[in-house]
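Chain IDs A, B, C, D and E follow the sequence of writing; residue 1 opens each chain.
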């Protein structure tokens, strides 16, 4: 009657346990590897840049003297860029996600849109740069303005936000819909008052992570030609601008060695910004991700 | 967009950028109401924007090309070319390289061109060690490369095994890192890394081996590897006071600024002439 | 207040014009949003196509595909064989995936199956910061840290080489694969995991035989996003891999990728309207087609292997 | 509680019916789930729907407030009248129907909001904005759902912090807040422990004073305990529909008898 | 079925016990969930654990195969012996324990694989690779779980296509495939309809011929129907533990009586 030979299973047990422990160690090492790399990177940047990081660095414009070089125009430029990119990409992204998840019937057209978004998510940022240059800068004659840069960045991160929002919306349980409909709520009321609030943490996390991608992007802005030296702050969306990664890129290509350190100081500022944004995302996620 | 407002838009060569940045920095400090921006799009990219009417002044590390001239003509844009400063393309080798004392243009050509049969130093000159040379060159789309190509390679392609990079700092690293490395780049990059590099005197047309420095470049003794840097100024834009004033300021200070960032100033008279010229154009 | 809610509702019902309007307008607005993503794609194709056509008026498409070299800068005999740039791109992508898939997936397994919730809560955000570091920073990391390190092992390794750039692109992608795969594995219901554990499975067996297959489509999706990212990565390769297009698969040589070429030209000296200028669009088009094919394959795979739970 | 018993003895409207269902059929794609249903459901009574799993109980009850239409493949024929109004007519908006007919689901499904917001959701949805009115409605509904005492000090806490039974009563309160005429309940106690079940059963008894209640259950004891009339469904058909007492004591159909004596199901 | 009845009359090992639990305490963080548990669970019998919601039934049963340790905050004292072996000793690997002690959960939780793969999972994990042996095991286990006839023609289909009751029997088959000695069941029928419930109950009766079964239920009728011994839990303590017949007919503790007569819970 015994098909399962207990002797075999006993004998195998040891082997399985060894495998399990080996697996644990390997997986742990892999995780640690990533962290060590991050740490190495940070240590290098910190040791190089900390000496040039002072208040003046944050409040001065760029300069030919490394000691006087400041990051102000780039920081403010990045903020301006985000001020355009964030609302546009979030509104469009969440809107698209709502359409696809809540309204779209299973039609060919909607499948096409869905496919299209997945594809856009994989299009290299430099191609978006070409698009921005041709369409926004040239065709729409926006010039190398904040608005042109912001729109380009919005399109770049749009698919990321759509996908994250779709996930978040999909995670809202069917029961929530039913409960709301059963109260006589209309579809839009249900979406606005029940579904969106429930999906909000996921949407916000996705959006913040997407924006932190945008804030570190260099290539597309190089393409549309963000300005490098600018000794004033942008006043409106038509102003020229520079952003942190562009300024960093510029400093790294200077002949004077000190500028490498200035660049490192810039990287520190950018990283701090990223860490702040990520922390907000994590806070939101932890605060709201009580599993229902 | 350009009229009435106090805006000066400059773009173009990355080589010229540090000079113009220095000028703009000083100028903005003195005239905080004028908004001067300096972009880096490369010489070609700068002209592209110049042609599209997006900029007032275009920085260039090479003279304008025929195609670009034609496009400007088509658009009816009038402009003038000005020299801004001098750069001495510096040929460098590793600090430990104690055999290379000088090189001729012919030798450079023999070493760098695509058809080159040079593999080791011994192939360049008898008596030099039989060790394989490593070549470092600016990217093939830069003004520096263009100039070297024209003067040394004379239109031939560069050898395939040369390591190319758009970033001159990376080239510095390359040559400092390999004992048998040789490379070339702008004078400023040599100046900043003097201690780690050995510069190679180049034999000029008079047969003298000349090392690049302020004096030899300015006087023209360091040839043919010293090259002028340019700015192109749009006539229409000079009617705008801000642009005019900025341009004038540029020529008044270019020499000083160029040297501050590692280039070589032109003789003073050339700047004077330039100021004269823009006065004429602007009708002042 | 007997039954007055009913009346109140009835009363409100009559003046609910606004609601009816928003009920109609909302889907329309969202449709418009969705269509914008399509317009973006069309915009990309349109942009690329127009200039690509100008390019092919100058350079034959046959040469573009078959020529063995990519050397557009020569005045007399430029050659436009996209193969070299594609080879460079694939080489980088391949090295990057070799680094990022095993490490990323292993981290995901560790985080989702072994780590305590607290460890996960700390490590995941750290990995995500890693994902957010600007690639330009990685580029210099490759050039000034990884390359010298490799040179200590591989003698004669040139300063620009595909290996170092590829490894660092891989490192950059690790957090993305780890984080997304972890999400996919995390969404496998715990009940399934408990089912396996209760049968005497070790953690490893649960992870490999139950959770991985169940999360397969999500994991594949993360790989594909990773690959797309590697194909499209620009600054790291531009800084650390050199700019010498080469039709070879030797990882120790300097190469050039499609993206790096585009940056090179757009930052460089090329004349507006010249063949070189148009070539970046042709290269951009090729890049776009590449990622498109990648994504289509990925979507096929992930639909094909989806395990419902 | 006592009131409700008092009322029970003298039902206000004995003969009035809230639902008249005529020749109603329903298909999921090509599978018929409901077959020629004819029922007349009385107002202010508790009507129980019993039957083995898969017989169409949930489908039927979801047809009554048109929730079944959320499943795209559904097709229907026949008529359902709610208070003399055809629920499928374009004049009777589905939102209005669902306002008149509340629903409580098998698994408690509160919104991930505060207790207060859960109850206020319906009135707010229907345009009632005044804080004072809302407060009153919330209190009254929670009291009617026999939950007020347990939650009155924690109205702003998340509803997910409540126990299963409390959550289910919260869902009932949420439903009462818009004062529907009919309340549909789909196995409202099957996810609950016995104590909570008893509380909800008690509540149903109280509620029928003001509401007409249709309750699906696969627990025959429950049906016997709390309902006035019972319909026995089998394979999408109504086999028997009578006074609960009669149906259980004296089933007229063999299949009903087999089912209630536990011979199958 | 008939066999099983025959066996019932002459249990092989009347006095042998599969579990001996001594002074066992368990805390979630600072909340004590189990308090001084002492139990002796007989082999080849069905032991039922009953008690109101939250009394610690699930916690207890999960302690028996150490699944409870998956919750990080858990702390335990006391000893649990399975077949004379201390389950917490480092010599008795948790994987081995769980191989000897199978578990069926409240909600059916098949793997998202084919029916065949679900059942073959255990043997494969334990190193049985031969296709022929696996085929035999799968068939035998499915037959033992009374599911074979319903699924034999669709073994390669995804297990999620089965009905709830079928899924639960599949989980039982999966558990039988590695021939454990004990099967723990945590309310295995509470998510099932009556027909499926009856099938699973029947199955439990058959299985005790070969296995020792410990089943948690909050359905007292079920406990009375299928178990040999019953333990009544209340607030983390064992109030009474006796022959099932005796416990239900003649409870010795007032609280037990109150509970089984429905006075609370």
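In the analysis below, a contact is a pair of C-beta atoms (placed from the backbone, for glycine too) under 8 Å apart; a residue touches a chain by one contact, two chains touch by 3 or more.
What you see is a predicted model, and the numbers here were worked out from it, not measured in a lab.
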*Least hop count linking subunit A to subunit E through chains in contact*: 1
*Would you mind naming the chains that touch subunit A and likewise touch subunit C?*
B, D, E
*Could you work out which chain's C-alpha centre is the most distant one from the centre of subunit D?*
B
*Using the touch rule from the top, work out which pair, A-D or B-C, shares more C-beta pairs.*
B-C
*With chain centres defined as C-alpha means, what is the inter-centre distance between subunit A and subunit B in Å?*
38
*Per the centroid of Cα atoms for each chain, what is the distance between subunit C and subunit E, given in Å?*
48
_Overlap residues in subunit C, where contacts from two or more other chains coincide_ = 19, 202, 205, 263, 266-267
*Where does subunit B touch two or more other chains at once, residue-wise?*
14, 40-41, 45, 52, 167
*Where does subunit A touch two or more other chains at once, residue-wise?*
16-17, 186, 189, 252
*Hey, which chains are touching each other here?*
A-B, A-C, A-D, A-E, B-C, C-D, C-E, D-E
*Can you name the residues of subunit C that touch subunit D in the complex?*
1, 3, 5-6, 8-9, 12-13, 16, 19
_Touch list for subunit A against partner subunit D, complex_ = 173, 175-186, 189, 193-194, 197-198, 290, 292
*Which of the residues in subunit B come into contact with subunit A in the complex?*
1, 9, 11, 14, 17-18, 20-22, 24-25, 28-29, 32, 35-41, 45, 49, 52, 54, 167-169, 186, 188-189, 191-193, 257, 260-262
*Contact residues on subunit C for subunit A in the complex?*
19, 22-23, 26-27, 29-38, 40-41, 43-44, 47-48, 51, 102-103, 106-107, 109-111, 113-115, 121, 123-138, 140-141, 145, 171, 174-175, 178, 202-205, 207-208, 224-225, 228-229, 231-235, 259, 262-263, 266-267, 280-281, 284, 287-288, 291-292, 294-296, 298-299
*Interfacial residue positions of subunit D with respect to subunit C in the complex*: 96, 99, 123, 126-128, 133, 136-137, 140, 177-179
